[in-house]
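Taking it in order: structure first as structure tokens, then the write-up.
Chain lettering (A, B, C and D) follows the sequence in which the chains are written, and residue indices restart at 1 in each chain.
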Amino acid sequence: MKHKTSAPEAAPRTGVWLVGARGAISTCVVYGVHGLREGLLEPTGIVTETAPFQGLALAPLDGLVFGGHDVCQRELSRGALELVRQHILDPDLVASGAAYAHAYEARLRPGLLDQCDTGFADLDPRTVALSSQTPREQIAAVVADLEAFRRDNQLSSVVVVHLASAEAAREPRPEWNDLAAFERSLDAQVSHPASVLYAYAAFRARCSYVNFTPNLGSSIPALREYARQQGCAHCGNDGKTGETLVKTVLAPMFRQRALRVLSWQGYNMLGNRDGAVLADPAHKELKIRHKSDLLKELLDDQRVHGHVAIDYVPSLDDWKTAFDYIHFEGFLGAKMSLQFTWQGSDSALAAPLVLDLVRLVECAQRHGEAGELAATAPFFKAPIAGGSHDFAAQFAQLLDWAARLRSN
Amino acid sequence: MKHKTSAPEAAPRTGVWLVGARGAISTCVVYGVHGLREGLLEPTGIVTETAPFQGLALAPLDGLVFGGHDVCQRELSRGALELVRQHILDPDLVASGAAYAHAYEARLRPGLLDQCDTGFADLDPRTVALSSQTPREQIAAVVADLEAFRRDNQLSSVVVVHLASAEAAREPRPEWNDLAAFERSLDAQVSHPASVLYAYAAFRARCSYVNFTPNLGSSIPALREYARQQGCAHCGNDGKTGETLVKTVLAPMFRQRALRVLSWQGYNMLGNRDGAVLADPAHKELKIRHKSDLLKELLDDQRVHGHVAIDYVPSLDDWKTAFDYIHFEGFLGAKMSLQFTWQGSDSALAAPLVLDLVRLVECAQRHGEAGELAATAPFFKAPIAGGSHDFAAQFAQLLDWAARLRSN
Amino acid sequence: MKHKTSAPEAAPRTGVWLVGARGAISTCVVYGVHGLREGLLEPTGIVTETAPFQGLALAPLDGLVFGGHDVCQRELSRGALELVRQHILDPDLVASGAAYAHAYEARLRPGLLDQCDTGFADLDPRTVALSSQTPREQIAAVVADLEAFRRDNQLSSVVVVHLASAEAAREPRPEWNDLAAFERSLDAQVSHPASVLYAYAAFRARCSYVNFTPNLGSSIPALREYARQQGCAHCGNDGKTGETLVKTVLAPMFRQRALRVLSWQGYNMLGNRDGAVLADPAHKELKIRHKSDLLKELLDDQRVHGHVAIDYVPSLDDWKTAFDYIHFEGFLGAKMSLQFTWQGSDSALAAPLVLDLVRLVECAQRHGEAGELAATAPFFKAPIAGGSHDFAAQFAQLLDWAARLRSN
Amino acid sequence: MKHKTSAPEAAPRTGVWLVGARGAISTCVVYGVHGLREGLLEPTGIVTETAPFQGLALAPLDGLVFGGHDVCQRELSRGALELVRQHILDPDLVASGAAYAHAYEARLRPGLLDQCDTGFADLDPRTVALSSQTPREQIAAVVADLEAFRRDNQLSSVVVVHLASAEAAREPRPEWNDLAAFERSLDAQVSHPASVLYAYAAFRARCSYVNFTPNLGSSIPALREYARQQGCAHCGNDGKTGETLVKTVLAPMFRQRALRVLSWQGYNMLGNRDGAVLADPAHKELKIRHKSDLLKELLDDQRVHGHVAIDYVPSLDDWKTAFDYIHFEGFLGAKMSLQFTWQGSDSALAAPLVLDLVRLVECAQRHGEAGELAATAPFFKAPIAGGSHDFAAQFAQLLDWAARLRSN
């Protein structure tokens, strides 16, 4: 029943530059696209392969060329075998994709280290060397990598996807609000989160940009200004893969039915590297903020008692397990409840969305849209362009955008 | 924080005729409206009291006058105390509503017995007498009751709401498809489900009509034709109060995210009279069919394995508890799951929706809409007018209808 | 089906002195015993009323006389109505118990304030006055209250039950380890937790003593020594009412089946006064320690990853809701899971156990047993006398004790 | 961390004859023992490898020799790869065990077809030929297979383990109650369930016998008499692997705490061959009876409302998922609930218990115990020797037996 995805003859080649190129999501993306190219996999989970997106001039999946940055040196095949052990990747798929993965690894470059990153066992020494350079020098290195990637692979466009670990929350800096001030701060060698430097470099190299993490990335006003100036389409933050996705379809139901949510407790357990990083409260902060904020907007009720916990449970590996307990009141003051348990592989959920987002921002930029791509809101916990968190409303908006684009 | 709902001075009075007038839902409706009139309750769960419905010329809740049919004689206060014991009605509300409930009971009339109904301990002897009359005579009795109700209470409009027990599934009859054939079958004293006779009588008396049950009611083509001919607005079938509501917001999420649902198991446990009646497979059949059918439409996938069970668990009383297990496949063939448990009072969930539907069909008919009111789809498991079961889509359609009506 | 519990004619009267006499558990105890006396309730949840305890010379439930200490002045009937609203107490029971509750309140005395207690809105001014006295004076006041209670009510024995709020965790003090040192510290006006002063006073007055809370109470070595010296039976700490109870029957199952538990996550949500106090990390500490420690003992495995959270969810009131996720490994390295949700009224679960413990320590002390009563282990999260946490093993031990006592 | 299980030099060799030799449990047993022999696996899930069983003269796991009967011809490696796909067997384990599995397959013989078995796609033609022979001839064939197995492999003892599919429930026959009558019925060519013929043949060949299925096997009085006569130890029925295991630790907790269970709903979903067979109501009957019966005994309450469902959910494969909802009443009539979801691989749970049972019956018979081995009760849903279903009590009894044997 599997099918090869067909690529039109003269398709322009799109490059995908993964920041966090050796992580679990990237590994799933690379082996997954190999599987789709070879007809070993169905495109399950890829939204842009469903009916409503037929007829859009999206980059063909099998024409994508992957490269990226990472701060670690771990071989991709080692991570892949770990995902086999975790029952996420199929051993036969990994075996058949060895050459494809090898070619990908040849395109990888040393990444930028965030000041707050610690405890990486297998740091790339070139990354360590980069970390002692000035912000301007680091940006120049990233830009050079992106330009070489584009040139060497004859790519018509490049999309940078930020998939690195959650950065520690930091106090907002005034220079983030204004491009000129931000430029001056770079000159003054002020330190910024690595995700911000990456986003700046992406726009400098006129790449589209996707931030799938809770990190700041392109979301600060200075970079939103820069993206528009450079004609770059971008989107983020923080991929909406599991528990939050469910939350954003259930909460509107309560509101539309005039049922009053009293309390919404969300307990997230996960065990992968993401979980290990998030075990640190500083790194967890942004993620919890994204998960918490949307509830009051969705329910249009400030009284609701909400709580979100993220706990590191090593034995779960990549299998995120979330338990939500929703206590609500109906007519006559009757108290009722809904509880759910979500059990899903975070990486297998994220990977197809990464492919969707790459195709959407690339298509938008190609059609002349610059700045944050509001239509991608259903993919994110904290959409840069704001708007409602109601998934159905967000998805309707995405379909509208697709329809408009198709009719142009 | 409670507030009295305000009634405009010269508001036309709307009558609500409850079929199953002594049942749990009707009891919640009557004491609930008393509580709203007296400012003892907030309008939690009443959709038409939320912001999007402001400005629609809906019948004011405190101008509603209630009457109805029942086949049993049980006093309303006995049922109310039972609901107090089940922690659904507040004892103070029941005490303060005694006079209001008494006045309501004075307006009740003996109902029609469905041929398949059995085992009612406290049958009204007048109902037994009615049951030996011809269909035409039974209809005439119902029409006379409705007209007396309208006249005696100076009502500008009357809405009949069907809330009686689930009828046994029957083989479809050819005369249901055509009004003329149906009329001939009445002359020929062919037996029809009581719900069908009620709906026919409602239209004859030019009442609006709501079928909150899985019974046939007004959904057969013959009566849909009759409703249009008489200028009556109507809607149904089978109120979407709990597990199915959740299903119709979750299933679209899976489809829109291109996640493939492999199996969806739904286990419903309930213990009220509805549960006792549904313990009989014949009576359960229609309900299960409504709960099952919508899955394949929602998921747009014929391969999905679905199963719905309804089990009688006496100790739960009115507290419907449903467990759903959803097994799905993501990218890379990874199998994941979502499970939820819903615990809600069926009657407290249904009562406010009854009030919403009364207001919506009354408003529609008053504005000249006849026939099935498609905009009420989000309230039903098996909307008469068909269409998608996607709750968000249905709700958007309802809002469109409201906006159109408001702008007229 | 309800029955009056029969009291033998010449039964000696047992007094029960509740510390935290106006709290939810005490309220359930008092109205519950009234209900049992009047035949309005079945003895559901009372272990000592089940078959294995027949034939033990336990104090009859309807011969118990209640009094107690509290730091607040709130009327018992107000707390009772609150429990009616929460669907724990029946309104008719509360109405019929008014005189009984009134008589109980007449026996209440101002309690001791723990140094760390804060934020009580309705403090008894006599309690405030007491709090400025020396430890010795506070103890004397408590002893005087206990002796007056015994004398005024012609009681053959008095059991003090500690039901006050969770105290903040404190650093252990060296004088807790030795009675003589403890006595000297009292002379030196060293401050100790209120629960410790209460326990000391109870033993001084030769009362039996039950500590149902996580507070230190009688568990410090100094007081264990004192109890033996005074011939007092006592037990504690921290009633095992819900989630932990389930844990201590499930964990042995995994161990006995040689299934390796990898992770055990426990999430507790509650909304009563207990919950509000436990929202403060200092007050939560002891409780979480009790809940966490037992896992490694039960599983006999130091590798297991365990986590316990207690979260304040106001809307739940007294209805403790706990979600546990247990991740385990079976043969062939297959990872499996068990998850459970417990929904119970903490006070209704605790109250009958209080009655059981009163009867057991009273019976033990009457039969000459002094010191900690190891047989009560199945009732506690942190049994003073130590031993296994395996509920079935603990219960077998309790049955052995009962059999020995019966055969004496 | 893995370790090789050590076999004493001169250990007598024990043979294990698996009926259902190509099924999922047998496959897990065979590859699992290979893994243990090679130090690739830890003995997780094997009860007889835990501390309390040290010092018992049990057959060493790596001295076991496997053979068996099956009615199908499917190659073991095909089944193994299926279990790899289901994430139960590790692909490396299967690869390394190829020779071991091959040797095992060379010892397999055609099995007996139960009259009610239908729909097997890959029947062994020799099985079909056997099925037209008389019961006496079929028994003789099985006995000959067992004796050849013992002789060819120089086995000191042989244990027959029944692991075949669930047979259809049949009306009890009078000749099952008496050995002489049963013998006469064999002469008269009366048809009996295949499981009964196997058990008879096992005893005739003086083998020990374990019935892990709900089938009748050795549990009829006639065969229990025969076992004693032949000096054979045996046990059954119906391995207690998952949901029922949990039930038999939770139910005693409710009884011991005097909490009244009102309703216990059990929903079992499974998708393996067992599930497919159990989708047929006749085949499901015995299993549901075993699962239901124990509740009333465990709770010592005839009023409890219990319901057990077993549903076939193909996508779950071997991963049995069970949801239980327990509704109970505490003090003051407060209604509470406990719900749990169990997710486990049925075969990985069963396989180690099979190894335990083999060792226990072999040891018992070697020590001169004949007849049903009551000490094995904790392993079964319907222990032949009866007794309580309370898992903790059963396990204590097993430990007593082990201690007695050790001290002999």
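Annotations
Following the convention adopted for this analysis, a contact is a pair of C-beta atoms (placed from the backbone, for glycine too) under 8 Å apart; a residue touches a chain by one contact, two chains touch by 3 or more.
All of these numbers come straight from a predicted model, not from anything done at the bench.
Under the touch definition stated at the top, chain B and chain C share these contacting partners: A, D. Residues touching across the chain C and chain D pair largely coincide in numbering: over half of the numbers involved belong to both copies. Distance from the chain A centre to the chain C centre is 50 Å, each centre being the mean of its Cα atoms. Centroids built from CA atoms put chain D at 49 Å from chain A. The geometric centre of chain C is 44 Å away from that of chain D, both derived from CA atoms.
Residue positions of chain C touching 2 or more other chains: 87, 329, 337, 339, 341. Considering their complex, residues 262-263, 265, 267, 269, 305, 307, 309, 311, 313-316, 321, 323, 325, 327, 329, 335, 337, 339, 341 of chain C touch chain A. The residues of chain A lying in touch with chain D in their complex are 87, 91, 341.
The touching residues of chain B, when paired with chain A in their complex, are 28, 31-32, 35, 41-47, 49-50, 87-90, 93, 245-246, 249-250, 252-253, 255-260, 329-334, 336-345, 348-349, 351-352, 378, 390-393, 395-396.
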